[in-house]
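Two complexes, one shared chain (subunit A), two partners (subunit B, subunit C).
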Partner chain A sequence: MSKPTNSVTGSVAIPPGLARPLGIGGGVLAILGALLPWVTFLLNDGAYPDKATLQFFDAPYAVSGFRLHVLLLGVVAIVAHFIPVPLRRVLRALGWGLIGVAAVNIVFPLVDGGGFGAITSDGTNFAFGGIVSLIAGIALVLAAKTGPLEPVPQWKTSVPTLVAYAVLVVSFVALLLVVAMMLNAGGQGGVGNPYAGPIFLSLLAFLAGVLGALHGIGLTGWISGLSDKHKWFSVIVLVLVALALPFTEAGTDYWMTTAANIGVYAATAIGLNIVVGLAGLLDLGYVAFLGIGAFVAANFSGAAAAAFDIELPFVVAAIIAAVVAGIFGAVVGSPTLRVRGDYLAIVTLAFGEIFKKAAQNNIGGLTGGANAIPNVPPINWFGASFDESLTIGSLELPSGVLYYVLIIVLVALVMVVFANLKNSRIGRAWIAIREDEDAARAMGIKTGQAKILAFLIGATLAGLAGAVFAHKTSTVAYDSFQFIESVTLLAAVILGGMGSIPGAVLGAALLLVLPEKLREFSDYRLMLFGLALVLIMRFRPQGLVPDRHRRAELADEGADGVPIEELNVHDTPGDEKAVTR
Partner chain B sequence: MATLLQQLINGLVLGGLIALIALGYTMVYGIIQLINFAHGEVFMVGGFASLATYSYVLPESWRDHGHWPIALPLMALGGAVVAVVLAVAMERLAYRPLRNAPRLAPLITALGVSVILKEAVRLWYPGATAPVPFPRAFVDEQFRFQLGEGTVTIGATAILMIVVSILGAIILQTYITRSRMGRAMRATAQDPDTARLMGVNPNRTIVLTFTIGGALAGLAGVLYGIHITNVDTEVGFLYGIFAFTAAVLGGVGSIKGAVIGGFAIGLIKTLSGQYLPGGTQYDLVWIFVLLIVVLVFRPQGLFGEPERVRA
Partner chain C sequence: MSATPVLAANSVSMVFGGLTALSNVSLRLQEGQILGLIGPNGAGKTTFFNCLTGLYSPTTGNVQLRGQVLPTDPAAVTVAGVARTFQNIRLFPSMTSLENVMVGRHSRMKQGPLASLFHGPAYLKGERDARDRSRELLEFVGLGTVHDELARNLPYGDQRRLEIARALATDPKVLLLDEPTAGMNPQETEATRQLIFAIRETGVAVVVIEHDTKFIFSLCDHVSVLVQGQLLVEGTPDVVRADPRVIEAYLGKPPDEVEAEVRQYAEEAAHGGPESTQVMQPIRDQDGHEGGNR
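Then we have the complex of A and B:
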C-alpha cells in the first residue's frame, strides 16, 4: 500500500477524487450562502444592530456589501474549474477569503449579543447564510488539499513597453481605488460607527482572498515583474497615484491626518529597515532618532518654548535635524564594532532609554521636559500654512492635504534612497554582514565602517521624518518616543518583511490603519502588536511581502538544515520551493 | 554618615531584589543563549499573583498582621507557582518552536511575549492601570539606629529581601554544582548535542531552568510587593533591564556573577541618586551607561568566560 501524499500543510489527506465535488460544491454553497438570510444584515450604509435582523426576507435576492463578496467568491470558485489555472492555489485563497468573511459576520453579532449567526431568528425564520458560507469556505480549502499545490505560473514579462505601461497604470489605479475603498469601508470607526471594525475586517478578508487567487494565477507576480523591469516608470506612477488619494472618497481631514502619520512612521520604518533588514543589526531604541529629529526641528521652529530664538526655514531645519540625528546614529552604532547580536540589541535599547530619560529631564533646556515643546508652528511655504485646507479652482481639498503631499514626497525619497543603497556596493556589504559577518570580513568588507554607516543613514532618515513630525503634531513631548514606539516600528518592519521596501510601508500602514478602524479594540492595540510579533516569528518570519531576491535572515535555514517554513505545520509550504522544483 | 549607611542598606535591598531576577536571566541565557526579555514581566506577574493570593484566596481572618507567618509563605507560593507556570508555558509555546531559528527570531519573540504579558495584566487585573497597593501594615517592623546626627532605618522586609536572595543563590549554586540535574544543566549549557549523546534530555533540562528562574522571579515579585507596598505593570520592564544589566555585569551564566552584579547595580543606583549630579532623575541613566560600557569593553562580564563563537 502506498502512503498518501505527505503534504507539509495538512495532517488530513483528502482523496483526490473529492476535489471536484468539494470545489464546485463549495462554490455553489457560497452562492447559496450569499442569497440566504444573514443575521448581520448590514448593507454598507446601515448601522449594525438596526440591520441585524431578518428583514432580509422583504427583498430576498438583493445583494450588496459582504454578501456580494461572498457571491463573487463563489462564482469565481466555480468558474476556476473550467479554465486553465492552478486550481488548488486559487481555491485555497478563495476558501480562506470566504471563511474570513463568514467568520467576521458570524462572530460580531455574536459578540454584540445578537446570537449565533445561524440560529438567531425573529421567530420563524432562521439566518443560515453565515454558516452555509463558512461551510463553503471550508469545502474550498479542503478541495485545495486534495493534492500538492501547483507551482505559480510565470507569465512572460517581455511585452511591448506601452502594454507594460498600460498594465502598470491600471494596476496602480486599481490599487488606489481599493485602498480608498478600504479606508472608507464602514467609516472612521469609534463612536460614529461602532461597526466600522467588522465591516472593514470583512472587506479585508474578501480582498485577501481575491489577492491570493490573483497571486495563484501568477498575475501579481507578473505585475511586480513588469514594475521591476520599468522601475522608474512604476515609481513615478505610484507617487502620482498616492498623490491622487485626496481626490478619492478617502480624501477627508481625518484620513489625510492618519495618512500623514502613516507616512512619518513609514519613512522611519524604512530607515530602521536599513539597520535591521539589510545589515541585520537589531535596534530596540530606534525611535530616539525620530525624537532627536523632532526636538531639533522644534527648537529651530520659532516656537515660544524653543531653546533658540530663531526661526529657520523648514528645509534648513529638517536638514539640521537629519544631520544631528545621523551623528547620534553613528555614536549609537559605534559599539557595533565590538558588540554583536542580541548584546547589540540591548545596547541600542539602553541608548533609547538614556535618550528618553534625558528628554524627560529637559536636558540642556532643549526638550521642555514634562512640559514638552508646545505650539510648534505649521510649515508655511509661499503663504500656504500646511494645516489649512486648500482650494484649487473650484476644488476644495481637505486640511492636512499639504502635509500629506509632503510626506508622500518624503517617503518616495526615502524609498529611492533605500532602493539605491540596497543594490549598491554598500548594500551588498550590509547583506553580506547580515548573512555572516566573519565571512564578509574575510571577503574584504570593512564591516565596522559598513555597520556604523547603516546606523548613520538609518538615523538620518528617521531624523528627517522627525522634523516633519514636529511641525505636523505641533507638540513635541518626550513621551512620544518611548520603548513601545520602537517596538511598534520594529513590528512594522517585521510584519512587512525585513529588507523589503513595500513591506515596511505596508507594515506601517497596517499598524496605524488597523487601530483607527478597530476602535472597539483600542485597549488591545499593544497586546495585538505583541501577539503579532510572536506569531510572525513563529509562522511567517519572512513577513507579508518578503524580500524576493534574498531571503531575509529570519527565513534562513535552521541549524538542522530544514528551512524554517517546514518546521511549522500551519504555514504554506514555501512558495519559492514550488517554483524552483 | 547616616545618609551613606542608609543608602548602602537601600542599595543592598534593591540589589538583593535585582539579584533574584538576574539569576533567572543568567541561567536561561547560559543554557540556550536567549535574552529572555519577558523574564522581567514574569517577576511583575509574580507580584500580582501573590497579591491576588492575598486578596482573593486567603481567608479574611488571615489578612492581619499577626498571621503573617502563614500568609506570607502562602503568598510567596501563589506568586511562585503562577510565575513558574507562566515561564514554562512561555518556553513551551513561544521559544521551543524557534530553538533552531536564527538568533534574532527568539529575541523578537521574547519582546512580543513581554508586551503581551504586561498588557494582559494591565487590562485584566482589577485596577492595574495604576499601581495596585499591597496590604500596608502587614509586615512592617522597622528597626532604627541612631548614628551621629541621623537615624538609619531597616525594615523587616528589607532584611528578608537580602536574606532570601543570598540564601536562594547559595542553594541554587549548590544544586547546580552538586546534583545530577545540575550537572545535566551545566552539560547542556556547554554543548547541547554532546549532552544529548550522554543521555541528558535537553528539553527537560531547559524546562527545569525556566522553572527555577520563574520561581525565583515569582519570589522576587512577592518580596518587591511587601517591601515597596505596591506593584505596578511598569516594574517588569524596568527591573528586567536592571537584572539583565546585573547578569551581564557579573558575567552571563555565572550564579555568583548574577548575585554580585545585582548588589552592584543596587548600590550604584542608590549611591548615584544620592551623590552624583542630577540625583535620582539620572540614576537610571548611569545604570544604562554602565550596561553599555560593560557590553562594549568586557562583554564576558566580571566572572564570565569569553563568549564562545556560535554559528
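Then we have the complex of A and C:
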C-alpha cells in the first residue's frame, strides 16, 4: 500500500539544483530589502512608519517595525540552510510571510502616496525596499517548490513533567505577548495613527510566516502534544495568562472592553459549536438565545425599564437566564426530530427572526421594544462596581477589567463544559449523528433526545453569556440580536474550526478584532474582511485550529497547506488494498 | 427446533406505494444458528433486514425477539439486542476505530448528561470499561493494531470488520450482516467466515445476506432464498442447493445448451470443487480467482 502523498508542490516545477541559490539568494535579498528605503517621499498622511522614507540617510542602518521583520525573515531563511530542519517547509512559510509583509507595505504607499514613484524612484530619491523584499519572498517560495515538502518532524512528547510545564508556560506567555503586540500594533483602533492598518496587517503577515516556520519544524505540533498530555495544567496556565493581559501594554480601557466583547462572543460560539460542530445541526438563529439570556437578566437587574421590579443578585439572574434560554433551546430543537439539513437551517432562521420581531414589538412588555431596556446597572460584587477601574496597591488597572476577568472565567467554564461533553458518551453520540444519523440510530442512539440535548446545552451556554452581556453593555436592545450576529457567530465557529474549542475562541477574536484593526480602511473595511474570510476558507477549509476529526475530513479533499503526513497516516501491515474513495 | 426462536419474523409484508417489496416472509432463527439469506438483486433482502431492525415498519406482520415483539425504532431494536451492519459500509468516517466501537457501547453505558458534564468517578469507570470492552472487540475481529486510526483511512476489508466490531459492541443477541464479504478477496472472505463462526461461539445468532452462494453454503446451518419479495425455498444448505427452483431464480430457465453446465455447477458446488465465487457472474468463468488477488 502506497502512502497517500501530498502534492503541494503544485504545477510549477523548479529544478532541484536551483534550491540553494534561490533559498540563500532570497534570504540575502530580504536583508537587502530591509536595509533599503521603502518609500521615496512623504505620503499624504505623513511619513510612512519606521524610517521608510529617505530618513534612511539620517540613520542608515536603523531597522525597526516591519523592516525588522523582513530582516529577521531573511536571516532565518539563510540560517535554515545550515541547520537540520525541513528546509522547504520553513522556506515556504518564510517566503509567504515575506510576500505578505512586502505586499502590504507596497500596496499601501502605492495607493496612499499616489503611484509607483512612491515605491521606486521619484527622480532624486529611490526606494526599492518593498520590491526587493517581494522578490526575496517569491524566491523563497520557489526554492520550496524544488521538491516535495518534507514531513513535519514529530518531536517526542515523553519529556520530564517539569520540562513540559516549563515549555507550556513559556509558550503561553509568548502567546500572550504576541496577542498584546498584535492588539497594540499601530495603536488601539488606529487612533492618531493613519498607518495603523498596514502596520497591523504587516505584523499579521510576519507572525503568520514565523508560525508557519515553527510549525514546519514540528515545534507547534510538539507543544500542542504536550498540552494534550498535560491538559489540566495547560488550562490553568492559559487562564492565568489570559488574566495577565490587563498587565501588558494591551491593558487599556479600550482593549478590556473589546476583549470582554470577544469573550462573550467566544462563549456563545463555543455553545454554538456544540450544536453545529459536534452534532452537525446547522443553526442560523442562534443569537436569539444570547438575546433571551440578556433580556431575562436585564429584567431581573433592577433597571428602571425592567418588567419586574426586583433586583436579583447577578449569579441568580444569570442562572435563570441560562435556564430560560435552555428551555427555548429545547423548544427550537424539537422540530429537528422531523427536519434535517437545509430544512433545519430554515427552521432555526425563522426562530431567530421570530425572536427579533417579538423583541422589537416589546412582547409581553419584556423587551422594551424600540426603547430597549436601558441603564442595566453594572454588576456589583463586594462594593466593587464592574465598570470602574480597579486599583491594586499602586497598580491601577483599566476600567472594565473586572468584566474581563468575569468573562475569562465564563469562557473557561464553557470550555470545560464543551471538552467534558465532547469526550463522553453523549459527545460521541453527537459526533456519530453528525457523521451518519441512520448508522447512529442503528447503534442504539436515541437521536431525537441527543439532538434536543445539544440544542438545550448550547442555548444554556448562550443564555449565560447573554446575562453577562446585558450588564456589560448596560442597554439591551433587540437590534443587538439580528440575523447578521448569528452569521458572525457561525462564521467564528467555521473560521476557527468546527468542533474545536481554541478555534471558536480564535474565530470570535478575529471576527471582532479584525474590523477594529482595519478601521481606517473605512469603506473598504468590511470588503477586506469578507475577502479575508473567503481566503481563509479557500486555503484552510478545516478552519484555523481544526479539530482532529474535521482536519482529517477535509485534509484529503485537496486542502492546501494541510499535509497528510500530519494526520498520522501510517500503513497497516498486511494490507493488500488501498482505500480509494 | 421447537424451542422459541431467538428471532422470528412473522408474515412480514412491506408495500411501498404500489410496489410490494416483501410479501408474507417468515423466518425462524434458533439460538446459536447461522442463517443465510440469499436471492437475486432486488429480491428484497435488504428491505427485509430493514424491517427486522426497525428502520422500516412492516405493512403487515411483526418481528419478535425471544417472543417479544420488537418496536419499529432502530435505536430501541438495538437496545433490545439486534445489531446490524450495512451493505454499503456506514462507519463514522472521521472517528477512530476505537471511537467507532465505543459509539456501539452507547446503549450499554449508564452515563447520563450530568456524569458526562462532571467526569466523576462513575464516569471514569464507565469510560474505562467501555474502552476496555471496545479494545477487546477490536482484538476479536482482528483490528488490534489500529485503535487510533481514523475509520476512513482503513482498508476496505478492515472497514467491514470494524463495522462488525461496532455492531458487536451493542451486546447483541442477534447479529445481522448485510453482505459482509462484498468486494473481498478469497483470503478476506475466508477470514470473515472464520470470524462469523467465532461470533457464533460467543452465543450470538447470526443472519447473513450474501450473493456468494458458496460462502453461504459453507457457512450457514439454514438458508432462506428470497425471490421477488417472497420466500422461495428454505432449509439446510444441501436442500437449498439441490433445489432446481433456486438455480432457476438465479439464472433463469436454462436453455438446453447451458443446462449441462448448470448441472455441472450444482455438482461442483456440492463437492466444494472449483467454482465461481460470485453466482451472479457468468458460470463459464471458472478460474475461481476472479475478483481476488487485486
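Everything that follows uses one rule, which is that the second predicted complex is superposed on the first by the 495 of 581 C-alpha atoms of A that agree within 3 Å, B and C clash if a C-alpha of one lies under 4 Å from a C-alpha of the other, contacts with A are read in each partner's own complex, and residues count from 1 in each chain.
Going forward, contacts are C-beta pairs under 8 Å (C-beta built on N, C-alpha and C of every residue); 3 or more make two chains touch, one makes a residue touch a chain.
Since this is a predicted model, take the numbers as computed values, not measurements.
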Which holds for A:R425: it touches subunit B only (first), subunit C only (second), both, or neither?
second
Please work out whether A:V163 is in contact with subunit B alone, subunit C alone, both, or neither, and reply first, second, both or neither.
neither
Subunit B versus subunit C as contact partner of A:I354, first or second or both or neither
first
Is A:Y343 contacted by the first partner subunit B, the second partner subunit C, both or neither?
first
Which partner does A:M537 contact after superposing on A: first (subunit B), second (subunit C), both, neither?
first
Applying the touch criterion given at the start, work out whether A:M527 contacts subunit B, subunit C, both or neither, answering first, second, both or neither.
first
Answer with first, second, both or neither: which of subunit B and subunit C does A:L490 touch in the superposed model?
first
Who does A:A440 touch here: subunit B (first), subunit C (second), both, or neither?
second
Do subunit B and subunit C land on any of the same subunit A residues, and which?
553, 567-568
Residue ranges of subunit A in contact with subunit C within the complex:
1, 417, 420-421, 424-429, 431-432, 435-436, 438-447, 453, 457, 549-550, 552-553, 567-570, 572-573, 575-579, 581
Tell me, which parts of subunit A touch subunit B in their complex?
280, 282, 284, 335, 338-339, 341-343, 345-347, 349-351, 353-354, 357-358, 360-361, 483-484, 487, 490, 494, 523-524, 526-527, 529-534, 537-538, 541, 553-554, 556, 558-560, 562, 564, 567-568
Seen from subunit B, its contact residues with subunit A in the complex are 35, 94, 97-98, 100-109, 111-116, 118-120, 123, 237, 241, 244, 248, 278, 281-282, 284-285, 288-289, 291-292, 295-297, 299, 311
So in the complex, which bits of subunit C are touching subunit A?
53, 55, 73-75, 78-79, 83-84, 86, 90-95, 99, 102-109, 111, 113, 115-119, 123, 126-127, 130, 145-146, 148-150, 152-159, 166, 170, 185, 294
